[in-house]
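One structure coming up, written as structure tokens, with questions to follow.
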Amino acid sequence: MQTVRSVEAKIREEKILGPWQLAWIRLKRNKLAMLGLYILIFMVLLSVFGPMISPYNMETLDLSNISAPPSLSHPLGTDEVGRDVLTRVMYAGRISLSVGIVAVLISVLIGSIVGAISGYYGGIIDAVLMRIVDIFMCFPFLPLLLMVAAVMSDYKIHPNYRIYVVMFIIGILSWPGLSRIIRGQILSLREQEFIQAAEALGLRDRRKIFRHLLPNTFSSIIVSATLEVAGAILTESALSYLGLGVTPPTPSWGNMVNAVTDAYVFQFYPWRWVPPGICIFITVMAINLLGDGLRDALDPKLKH
Amino acid sequence: MKKILSVFLGILIMVGTFSSCSKPSSNQGSSDNKSLNKSQIEIIQATNPEKLPQVARDRKDTLIVGTTAPNGTFNPIYSGSLYDSWVCSLIFDGLISNDAEGNPIPNVAEKWDISEDGKTYTFYIKKGIKFHDGKELTAEDVAFTFTAICDPNYDGPRTDAVMYLEGYEEYNKDKENKVKEVKGIKVIDPYTIQFTLTEAQAPAIWNFGYGILPKHYYVFEKGNIKKLKDLFLKPMGSGAYTLKNYKPGAEVVFEKNPNYWKGEPKIKTIVMKVTNANTVVQELTSGNVDIDAVGKPEMVELIKQAGFFNIYSYPSNSYGYIGLNLRDERFKDKRVRQALMYGLDRKGFINAYYKGNGQVCNAPVSPVSWAYTDEINQYEYNPDLANKLLDEAGWVKKEDGFRYKDGKKFIIHWMTYTGSKYVESLIPIVKDNWGKLGIEVVPELMEFGTLVEKVYDKREFEMYNMAWSLSIDPDPSGIFSKAQDVPGGNNSVGWVNEESEKLMKQGLTEFNQEKRKEIYKQWNKLANEELPYLFLSYNKDNVAVSCRVKGVNPSPYIDWTYDIQNVEIVDVK
Amino acid sequence: MRQYITRRLLEMIPVLIGISILIFVIFQLAPGDAVSAIVDPKTSAETKAKLREQLHLNEPILVQYKYWVMDILKGQWGESFYYKQPVSRVINSFIWNSFYLSLASFLLSAILSIPIGVLSATKQYSKFDYIFTIFALIGISMPSFFFGLLLIKWFAVDLKLFPVSGMTNPGSTATGFALFKEVMHHMALPLIVLTLGSLAGLMRYTRSSMLEVIRQDYIRTARAKGLREKVVIYKHALRNALIPVVTIFGMSLPGLFSGAIITEQIFNWPGIGPIELQAVNTRDYPLLMGINMLLALLTLLGNLIADVTYALVDPRIRLK
């Protein structure tokens, strides 16, 4: 009786320490990864609650106080029409963080699944999927984006809601690259011994792909996600040239950091572009640290 | 150099010239500044010529001028951009030209007559003008040039210059090569040519300023205009310089024409080097470029500090405005338009954006034009008056702070374009100022080309903003006439006013400038009162000219190519 | 292998035809055309209508497509509305300048990023690794515009080591080796900016897949066999770690020709990047369609090359 109970307890304990909990424990041990996580949480809190605490509104102008350097009343100075830069940076975080994260999630989800299926099955499935990827990569996005912008304005979609479309577009734009990277790795991985072993064990395809193959490409996914977060934040402001990004006066880090395109601002008003630049950097770095930690934590080969 | 609205692309930065605009016609000319309002031109002299860098001192026989990249359409009847027209004005000469005040002056034509009825123009060509290959320029060449624009397959931007020539339609519509010539173009003798128009129009003289093509070199069979395109990069004219080398997107190199009929040019080589607004200050101050336009006032300051540039600063021949769709019931009411004008701190905006490099605009004419008048309402910022006008117009403010009429809230959807700092500064000010009047403004940014289609072709808008760059002649009918109130026409706001039509017609058919001036004064008063547009701003052009260059005096109607043969490079101590 | 390549090349034909239809239709649906982009008080509505007729813009879409395909088959790719020249000629006069710059940057970043990535991986969590990680992250989170201006300020204005902009000296008539030297001198700064941008990605991919590989059993086996560390890393591990890098190389083929809009713009490098943008502004659709078709072809080729290279890098991969 007692042995049964102890076995049961053991099973329960095993359950408590399922792979995800194990990973979480390992992650918690990784100081750098936790630092990344905390920074990310901090950035999110700052952009959600910061603008509420700030005495300024992100739209309040002060034409008598244009491009003022940092001071006690404006810790990060003011911009070209006298708005408080700190408030705008915090507000911009809402847009940029959500664009960055949502777009990357979309791209990673589609990219890795398509890549894995294509790489694993090969043959006709691979050929068809990869031709679709080819077409996506050759797609004339420029006129398409102009069209989407025009259609949204025809239907009078409020400028503030267009940002959701932008997230989706950036995600859609970037998955084909990732899918080719994943596919390439899977082509190589599926020939390795452990997959042959899995084959011999008669595991189902889904299990092989999602439990055995994809986790081994995790490091590439993490790298591409980190690169894409930064890319997405900056792309948002490039899309606004086509009439698709956020509409001024709403700020985003991307369009704030682009104040640097003005050579004079670059040289003499650094407070207008350094803070959003640092925010992008810190966010990307945090995601990178967290990503590296996650990869290690999830690595099935790592002994603990 | 005339960057009306410097267009910055967010990440894809690029400074282009989206000038919703016309280019001033041929910009070469000679004469002095007689009656041009000189107070408008400000010249800041170089303070420390000795600081001129060694690189510039060593460049004894070469002048380097900064430019935006030309397209390579080096043909006066095809050149589309201002920069291509510079190239053309160095290589080609037109029948007439203009002086610094914007008056027509003789060039290849020694003189001209306009018939009593204003329909026949006779030009007398100076004898002995030679093309670069030594052949003489005659009336045949002039006739060839203008006939080429009438060609059925011509697809360049000069059609409006020949549309009123007698026999244009017959020649242009005929694709079977039955009509051999345009009736309205007549060669009287080798040195006399006559043009006959179907309508008398005072500004028509400007149609004859385009560079003359040598017939023997460019000649093509009717319809086969492709030949002209094949010769874009091998242009030949009678001008002061010849094209030596063209590197697309990088530079255009010219060599002097020693046999130039106005005298041998003093500078051997001219290079038009492509620069951009982001690094123009670095190019100028390091001595790599002798002449260039400088956009922002802060940059002018940096150039001034360098000490070895003379800076010419003058209002450009253009204005920025907000267009309201006058087909919209709300904006049909003049009081509403006036209220919006009074309720906008235009001066505050201009000071914030231009920092002294611009001024408030109150009528659709540039301060540099002879037709300009300031005896008009200045619409100083006055929110109280604006509120009063809106009350009168029946827009009542409710508790929520917004105005309503017939149960409808006053919301304006404002379509504007992306990538412009001008727009980015204007939006918050308009939102704020009109918000205080009780009007909600919803700005929407779109790519410029999309906006243009919506405004001009589809005319689906409530409000937009753009800028016009004007021609030398002040006739406003190209923008404000009833005839232009059609899809694709320039009167996109749909302003139709009987009084205005009458005045514009008078202005067009009156050939006496003093009398025209009086007519346009009245017209501008009318436009200022009726507000077809909400006028915003005039900006200034700033041109930096190295102190080692003598003879370049840019002003609103003439640029550095003016009298280029007299420009010289001098030693600086 | 030869059979595989032939099959893929044949497959490209229908794909390209499909893409050409796609490109054409989407450009037709996009807002505005070359004539609507003209706003000029001297161009009346009447003139615009005439121009539209001249450029065949009023004709049915199928007829226009026919014109376009015929132009492509003639090798001219249609006439650019803005340049009034055959599209092929316009592309040709800019694309090679872009190619030289991009190729140089591609080679440089490949040469630098792979060793750095490998070292970062073998010395994971060392100072070297941290420095280059931070360096890479700065590289991807700052716009290249910023580096461009910074370099111009330091090296061109203050130190006067390199020219501010351009590809050759103004009015230069140099040829041969002198021309090469001149171009290299002008290329230095834009090259650094471009390389910084692409370095980060390659470096990170090399590092991560290297990390992945050196934990594999066969590497442990190789070490256990007593092979020298260098041999293990460079001969056995690197080969397998290169798979994602090869994919990226394949994908960068079109990038070599598409130009770098921002960098070319700041340095006035006469490449095709700014031309594309200008073509959007002027609605020069024939030019844009031409560029798009060319890049489509290169994308397909690049992906094919990558697929073939997989088999060379990892012989176990079977191409069918």
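Just so it is clear, A, B and C label the chains in written order, and each chain counts residues from 1 on its own.
Keep this in mind: contacts are C-beta pairs under 8 Å (C-beta built on N, C-alpha and C of every residue); 3 or more make two chains touch, one makes a residue touch a chain.
Small disclaimer: the values here were computed from a predicted structure and weren't measured.
**Q** Count the C-beta contact pairs for A-B and for A-C, then tell me which is higher.
**A** Counting C-beta pairs in contact for A-B and A-C gives the edge to A-C.
**Q** With chain centres set to the mean of the C-alpha atoms, which chain is at the far end from chain B?
**A** A
**Q** Can you give the whole-Å distance between the Cα centres of chain B and chain C?
**A** Computed value for the inter-centroid distance: 37 Å.
**Q** Counting in whole Å, what is the centre-to-centre distance of chain A and chain B, each centre being its mean C-alpha position?
**A** 46
**Q** So how far apart, in whole Å, are chain A and chain C when each is placed at the average of its C-alpha atoms?
**A** Centre separation, chain A to chain C: 23 Å.
**Q** For chain A, jot down the residues that touch at least 2 other chains.
**A** 146, 150, 234, 258, 261, 263, in rising order.
**Q** Could you say which residues in chain B touch two or more other chains, in rising order?
**A** Residues 9, 11-13, 278-279, 447, 449-450, 454 of chain B touch two or more partner chains.
**Q** Would you mind listing the residues of chain C that make contact with two or more other chains?
**A** Chain C, residues with two or more chain partners: 31-32, 143, 145, 149, 153, 280.
**Q** Mind pulling up the chain B residues that touch chain A in the complex?
**A** For chain B paired with chain A, touching residues are 8-13, 277-279, 281, 296, 298-299, 302, 345, 348, 351-353, 413, 415, 418-419, 421, 423-425, 427-429, 431-432, 442-447, 449-450, 454, 460.
**Q** Which of the residues in chain A end up touching chain B in this complex?
**A** Touch residues, chain A against chain B: 59, 61, 63, 66, 80-83, 146, 149-150, 153-154, 156, 158-159, 234-235, 237-238, 240-243, 245, 247-249, 254-255, 258, 261-264, 268.
**Q** State the interface residues of chain C toward chain A in the complex, per the touch definition above.
**A** 11, 15, 18-19, 22-23, 26-27, 29-32, 133-134, 137-138, 140-143, 145-146, 149, 153, 200-201, 204-205, 207-209, 211-212, 215-217, 240, 243-244, 246-248, 250-251, 276, 280, 285, 288-289, 292, 295-296, 299-300, 303, 306, 310, 314, 316-318, 320
**Q** How about chain A: which of its residues touch chain C in the complex?
**A** Listed in rising order, the residues are 122-123, 127, 130-131, 133-135, 137-140, 142-144, 146-147, 150, 177, 180-181, 183-185, 187-188, 191-193, 216, 219-220, 222-224, 226-227, 230-231, 233-234, 257-258, 260-261, 263, 266-267, 273, 277, 280-281, 283-285, 288, 295, 299, 301-302.
**Q** Could you list, by residue number, the parts of chain C that touch chain B in their complex?
**A** 31-33, 35-51, 54-55, 82-85, 93-94, 97, 143, 145, 149, 152-153, 156-157, 160, 163-168, 170-171, 173, 261-262, 265-268, 270-271, 274-275, 277-278, 280-283
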